[in-house]
Structure formats: C-alpha cells, structure tokens
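Same chain, two partners: chain A is paired with chain B first, then with chain C.
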Partner chain A sequence: MTRKMRGNMFTTSESIEPAIDTNYDLYFGPAHPGSGNFGVKLKVDGEVITSARADPGYLHRGFEKLMEYRIPLQNAVLSDRLCVLEPLNWNLVHAEAVDELMGVEPPERAKYIRVIMAELSRIQSHMIWYGVFCIGTGFESGFKIAFGYRDYILDIFELITGGRVYPAGYICPGGVRRDLPEGAEERILETLKKAEEMIRFEEMENPTLLSRSKGVGVLKSEDAIRLGATGPVIRASGIAMDVRRDDPYEVYDKLDFEVPVRTEGDAYARYLIGIEEMKQSVKIVRQAIDKLPAGEVIVPELRKPKLNTKIPEGEVYVRNEIARGEAAIHMVSNGSKYPYRVKVRGPDFLHMIPLLEHLLEGAQIADVPAIYWSLNICPADMDR
Partner chain B sequence: MEVVVEERIVKDIKANLNIAGEVKRSRRILITLEKEDLLKVSEWIKGRGFEHLSAISVVDWLEAGIYEITYHVWSQEDKILITLKTSINRQKAVIDSVISVWDRSAGIHERELHELFGVNFEGNPDLVPLFLEDWEGPPPFRKDFNWREYTGEKYYDQENEREHVYYE
Partner chain C sequence: MKTLVVFKLLKNMVSKPMTVKFPSESIPIPEKYRGEQVWDSAKCTSCGLCSKICPNRAIEMVEAPPEYKENYAKRYPMIDLGKCCFCGLCQDICPTGSLTMSKNFFLSTFDPSTTINIPFPKRVELKAE
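Right after this comes the complex of A and B.
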C-alpha cells in the first residue's frame, strides 16, 4: 500500500518505479511494555518478517555461578528468583536436587504440601499467561480480571509462606519450611472456587482473542521436538509430554489427572491448553488436600539446618514440570558444603530463542505479540 | 523398581556400539564415553527414540584439568533419560557439535556453553555471544576466573572512597 500511495503522490509517470526500500529492521523489546526484559531483532519486508534474532541477556544474573558460592539453605531462597512468575515451582526443583544428592526422603505430608503449592503456583502462573496474552492481543479487561483473580492465590501464599510472590525458600531441602497454618485447607478450597470462576471467564468465547490468535504461529509437531519445545507449547502441537506423568516426582503418581493435548499447534490451541491445565491443577489440589496425611513436614535432621552441612559427592539431574514446561537442575557436588556446579535448564531458554525465532519467520508484524505471549514466556528463567 | 527396559537399552548399546552403560535407577541411564564416540552414540540413541535433548552441561574440574560435558536426553517412547558423559582437556576445549543430531535445541545449549566456558563445538555455525554484551574477560564460569578481582579492576574505582569496600 505504501508503495502505491507514494507512486501516486510523487511521480507523474506510471512507469517510474518509486525508490522505496521496504526492508527495514524492527526492534521488538526490551522496553516494549509487553515484551519483558527481552528483545527480538526483526528484519521486515513491508509487513512480513523475513528473519528474527532473539537478543537475550537483560536478566542474566549468573545464578548458576552464584549458587556455587552458597550453601543449599541460601540457594533455596535464591531459587525463588529464577522465575518471578512461579517461584514455588523453582523452589521445588532445587529442593529435589539437593534431596536426591543428600539421599533424603521428605515425609509424606511434606510431599503433598509441595504438590499443593506447586499446583497453586501453576494456576496463578497460567492466570498471568492469560492476562498478558490478553493485553498482547488488545483485550485489556482480560488482563485486569486475570491479575485480580491471581491475588486470591497470592493471599494463600502469604498465609502459608509469608510472602506473596517470593516464598523465600518455603519448599526447602528435606521438606517444607513450616506446616500449613490452621484453617489453610479450607482457605485453599475456597480459593479454588475463585480459580474456577476465572476459568469459566476464560472459557467464554472471545472474538478479540479468537481473531487474533486462531491460525497464528503454527508449530508443527516435528518442529516442536527439533526446537526443544516442552510443556503447554508441545502439548498444543500434538505431543503428550508431561514430566509429572512420564517421570513422576513427589506424589504425582498417586494422583489422578489428565494431560490435555491439542493438534492444531497455533496460538489459540496453546491458550486452550492453558485453560485445560488450570482445570487439571484444580483437580490435583482437591485430591491432594483430600489425601493430605498427618505427620512431620521436614526430616528431623534438617529441621534446624546447620551451616556446614556437607553435600555428599555425586551428580543428579532432576526434572520437573513447571507451568512453562520442563525445568531441570543438574547439580554436581564434590563433597564440600557448596554445590560444585549447578546447571539450570529453564523451559524458556528454548522457547524464547530457537522456537520464537522459528515462529516469527514469515509472520506478520501485527501477529508478533500474539505469537510471543502465546508461548507463556518469562525472560528470567531464560537468562538466569 | 523395575529396570527391565533400561537394562535392555544398555545391552543394545553394548551389542551395537561396544560401549558400556550403567543403570543408575529406574528411568536413568548413564553412559560414559570417549569424545570421539560422541556423534556415533548420539545418532544411535536418537534413532532409538531419544529425541528430546533436555540439556547440555559442562562441569569444570580444575584440578584434573578437564571439562566434563554431559548430555541429558529423554525418550518419550520409553520414558527414560540417558546421560551421556564425556570429558575433554580444558586447555584445548574442542568437541564435536551434536547439532546434526538434535538440531537447534542442541545448537542453543552449545552457544551458551561456548560463551560461559569457552568450549568450542566444532560444526556449530552459530557460536556468537548470547548473554554477555561487550564482554572482554575470560569465559566467566570457569573455576579459575577470579570474578572478585575482575569486577574490582573493571567496574570500580580504587580512588573513590565510597568504593573502597570492594578492595578490602
């Protein structure tokens, strides 16, 4: 359209081709309100993106190196910060890695509390996902409503862990820091009703979201595995991969839940997967509260953590399913009180670099926010 | 716990590639190999269903003078995680890239490790810096990199009274 307008306005003869270069560079982020601390350099021809190059590093804090200088007690607190949107899930990955290295088996009650907290964290993370996906596609009410409902879950976190967003290492090596306070179970069950209200709202057919996301950013299943997709992204592309079911940890093998799968692979399918997963999480929390056994919540030898507890020599690779996909920690110890090496594998490291670059190629500029936010991304666990 | 499938895979690898593996526990297999065998084993296990490369990690053993590189690969078919472990000389840190096997999911991990540890992955065309902008120092995750000294020299002013604390 630009080419034609310019031609009519400035040239007299039809035969003269206007000297307009329609190729240009466009920088999406890092100050874009929707991008987070992350940028994508786009090469654009007219309205179509010819190539995309991710530009990470704005949140690189060197967690892996920091953890080499701290004892597990401090690292449990540090692991909160791996992802702002779901600190409890990262707490859990770290705690499991240390548990396995130290050969500690947390008490049954602690395992159930861990699952309850992880699933509540997943629900609130999916609410953020829905919220930012809405604001990315121009449906601002959805954003406000989602963040409003999320606060009910943050209230629960405050009640149990003391922190609304950061639990400060609530899920720690050996179990959890404190038992549930009185009446917490009832409060959680009430909050689940609120979460279900939110799910009903999300399920309402929404023309804005539908028109912006249907058929946009299609990820084929063969590409999904090649580009390292996990979590809701790969499940929206037809592969039923879920660490909770395939490689069960904590008490997930005793709980009954489904792994939702869709085959379309577009942004809309990913959004529908998000809704379905919230429903499953609600179901898991209900069961876990129902089955919650009595007893200790932390192994006795770790109840009062000593500062010079040695981590036995060894090497573990622990995988978890967090809201965004597969999270893992590779921890190596040489027998000192600090871990010798910690490698953190965040799902967004793959979602935001190879996968996003692949999806943006050939897309329209207007579809960038829809594609970007449909991946449920968080720059913090990519950069670490 | 049953480890029937795990043992069968280890036996298959032994029969086909003559490389010993070890069942660590249910769903976990560890294979220690020479770096020359890496591509051969990678291709074989990929063909066997280990399609999802979960992560690549490097451990810097300063005293032994080696980098230990581990590849964690998941098979959705068998629900098993294989860890391939190999070691290279940390002074001459060169290893074959597995980008031909696991494509871009391997490429991005290698790019990160090249930046943080200085490992050269031969065959990876895209090893440009990832997180660190305008970084001039040595690879920062090496154990012999003294970050305290480096940041002191590079980012703080010894003349400045308020920044003395960084030199004490």
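Right after this comes the complex of A and C.
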C-alpha cells in the first residue's frame, strides 16, 4: 500500500525498488540454542530462504574407526554414545549384528527384555522430540513438562541398567547384561501410566504449536523416497514403512501393533505421528510384560566377559527401527577378536543434510526451528 | 478439548511438583547403580583383567612404593575416574569380586588430582603438606 502511494508520488521507477540489498547470508547454529552442535548456512532474501547448506562435523568422534580396536563387549559400551537420546536402541542394533556374526541365539526372556527396553527408550526419545519441538516453536512449558515426564522413564533405566542415560552396553551380544531386578515389571507398568499422562498432555489443543507447524515444511511422498527419509518422517508423508513390521527382529512378529501413517507431510503431521508412536510403544511394552517368560537372560558361553572371544569370519547387515528412523550396522569380521570394519547407518544423516536442505528452501526464517526439530534429529547420530 | 486444558490447569494448582527438595529428600538410588568403584585389597589377586577390559583404559596396574612392599607385594589397579565411563565391565570380569561399584555418584571436584584412586594408603609426608 505504502509502496504504491510512493510510486504515485515519485514517478521514477527506481524509487519503487528498495534501497537496501535484501540478499544476505545467515548462519543458523552451531551454538544456536535451537540447533545443537549443527549449523545450517542460509542464503536469505528478506524473510525467505533461497538456499540452505548443512554444515555438519561439530560432533564427529570417529565411531567406525574406534570400533575396529575394541572387542564386541567394549563396542557395546561404545555404541551407547552413538546417539545420546536413545542409547538402548543403538545397543540393540550392535548386539544383533554381533549375534548374527557369532551365530548366537539369545534366550527368549532376553529378547523380550530387549524389546521392552528398546520401546521404553523410544517413548523417552519421542518425549525429547516433543520437548525440543516445543522449544523451537516458542512453547517452553511443553519442553519442561516433557523432560519432567522423561525422568520417570530414566528412573526405570537406572533401576534396570544402573545408569540413568547411558546403559553401558546393557543390551550386549548374547542377551542382556543382567536380569530385571525384583519388582521391575510393576515399576514399568506404573511408569507407563505416567507416559500416558504425557501423551494426553501432548494431545491437548495447543494454539502456539498448531499455528507454527501446520502447513510448514511439507514433504511430499516422492521427495521423501528420493531423499532417503525413514521412520516417522516418511510415515508422516504417507508411506507406511516400519522395519519392525516389514523385517521383524527379536519378538516383534509376536506382538500386535499398528504403524501410524499420515498423508499431510508437514511439521504438524510429524508431531502427530510422534504421539501415535508413543501410544503404540506403550501397547507393545504392556504386551511384552504380559508375555515375559522365565529363564536365562544371556547365553551361557557369554555370561562372564571374556577377552579373547573370536568373532567368526563373515559379513552382516542388520537393520532396526529406532525412534528416528532406520538404523543399521554393517559389520565385517576376518576371524580376529576385533571387527575388521563397522559401518554405521544412522537415520539422521539423510534427514539432516539432503532432506533439511530441501525443506528449508523457500521457507521463512522464523520456520527454521520448527522444520528442523520436526524431523526428530540428533546431531550426535549424524556426525558419529 | 479446551475444557480439558482448564481442568488440567486447575489440577496442576494442587498437584505435587515432579522434583524433590534435594538435601532433605532424594530419589532412592537402586541397588545395582554403577557409581564409584570400591576395591577390596584382601580379595585382589592382581590378575589385571580389569585393566585389560576397560574400554577407556582408565585402570592401570601399579606397583606399591617401597615402604608398602610388605603388605602390597604385587601390582594393583589404580583407577582414574576422569577417564572412567562407569560401564561396570571391570566389576563383571573380576573373578574374585574385589572390584565392585558403589552407589556413590558425588564425584565432582575442583582438584583434578583427587580423581585418581590410588590403591595404597596415602603417604605420611603427603598428609603433612
């Protein structure tokens, strides 16, 4: 309106154009409170992003090389650190890879305990997802409440594994390191009630979150396939893909659960998928506790840690569904006690580099945190 | 849905907080917590397995100073808590149960030298300083 008036006042066409160049570079991260050890270089025209370039590498620790100098039991401890937010799921991927190489079949009770722990880990990871998504969209109470409820699950981890955040290779090759302590099942069931309380809180209508995330960062299903999306991100774009159902591992084929799918593909759909997945995880844990058999939790030959256990020669590729998407480990052994090569496939590498760059193009600056955190990302897992 | 929010708000006004008032009350620590290691000199056979399995090489087998040679004849584990990741593998591999993990997690310190747990009694001259 004002521009038009000015145009009428001044007849020359130059005065209509803005005097300042609105193209500039903006660096989002790596010390930004809403980015977490990861940077995005944005080229901006006014408020609109014209191109985005991810800038990873601030959290690289070289896991793939470190694993070549450690025995499987030490690697199980190391695999916690792959992703701070869901160490137990990464433990499980590593343990399964070694199990398959060594030809070890874990006892039935160990398999159920593994599933229980992995699903509890998924619930707490989704709580963090909701928390950081809230802080990215300016709803700080949600962040605090989510982290408060997450601590109830960390209490369970402390009871069972001995550590709140890092289980230290609780899910180890051959089973799990120790049995559930006395009364753990009841404690887990109590905690699930708390998790359901949190789900009810998340389901409440939240105008802040709704207006900041609805229609933001829309990912079409063909783009999701092209850019290698997995997990909740691809399920929010209309493709029902879940390793737990498509290629069942442990005891997932004996448990009844659904794979939630939404077709919108925006940040709000991803947030709703998170809620649905938490509900399904609660359902899985309840079933697993009901069916939990008695017996051993680790194969007898691996019960006491040994220093010189040889890994048989071979090559495996094991994939799992972790909270962020599809995680896999490709392990090669040449018959020595250390693995020859370990390749880690984390879900966030593709979510944080090609997919984020694709989604940020054409978005507003204010929507960057909403898009960024709606992808359920973890810089630790991406940089490895 | 909005009435639910109002109900939740009113409920929160009377509900207890999630946190506890720490020094006076605390969340109980479970039995199998992995805290600071406790070493029993009487049970140790100096096999050195703990130093070999440690993923961070935080345990070093050291010899006693000459004045303690009588009581401490072999090599014993010296644990650097600054390197320790509290995985508990040393506890699991110990054949005699000499190394165990306690519930103590109050380990933050301003003096880096106190993070090293030396298996021998502290020297008399060091105490005098």
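Methods note: the second predicted complex is superposed on the first by the 365 of 384 C-alpha atoms of A that agree within 3 Å, B and C clash if a C-alpha of one lies under 4 Å from a C-alpha of the other, contacts with A are read in each partner's own complex, and residues count from 1 in each chain.
One rule holds for everything that comes next: a residue touches a chain if its C-beta (ideal position, glycine included) is under 8 Å from a C-beta of that chain, and two chains touch if they have at least 3 such contacts.
None of the values given here were measured: they were computed from a predicted structure.
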| item | value |
| --- | --- |
| Touched partner set for A:Gly46, first chain B, second chain C, both or neither | neither |
| Which of chain B and chain C A:Gln74 touches, first, second, both or neither | second |
| Partner chain(s) touched by A:Arg178 [first = chain B, second = chain C, both, neither] | second |
| Partner chain(s) touched by A:Gly162 [first = chain B, second = chain C, both, neither] | second |
| Which superposed partner A:Glu205 touches (first chain B, second chain C, both, neither) | second |
| Touching partner for A:Val332 - first (chain B), second (chain C), both, neither | first |
| First, second, both or neither for A:Leu307, with chain B first and chain C second | second |
| Dominant toucher of chain A (residue count), chain B or chain C | B |
| Chain A to chain B touching residues, read off their complex | 56-57, 60, 62, 64-65, 225-228, 230, 239, 241, 246-247, 315, 317, 319, 326, 328, 330, 332, 340-341, 343, 345, 349-350, 353-354, 358, 383 |
| Touch list for chain B against partner chain A, complex | 27-28, 51-55, 57-60, 70, 72, 74, 76, 79, 81, 83, 102-105, 107-108, 112, 130-133, 140-141, 147 |
| Complex contacts: residues of chain C adjacent to chain A | 1-2, 4-5, 8, 18-19, 27, 29-34, 49, 52-53, 55, 85-89, 92-93, 101 |
| Residue ranges of chain A touching chain C (in the complex, touch as defined) | 70, 73-74, 77-78, 148-149, 151, 155, 158-159, 162-163, 166, 168-169, 177-178, 181, 201, 204-205, 304-305, 307 |
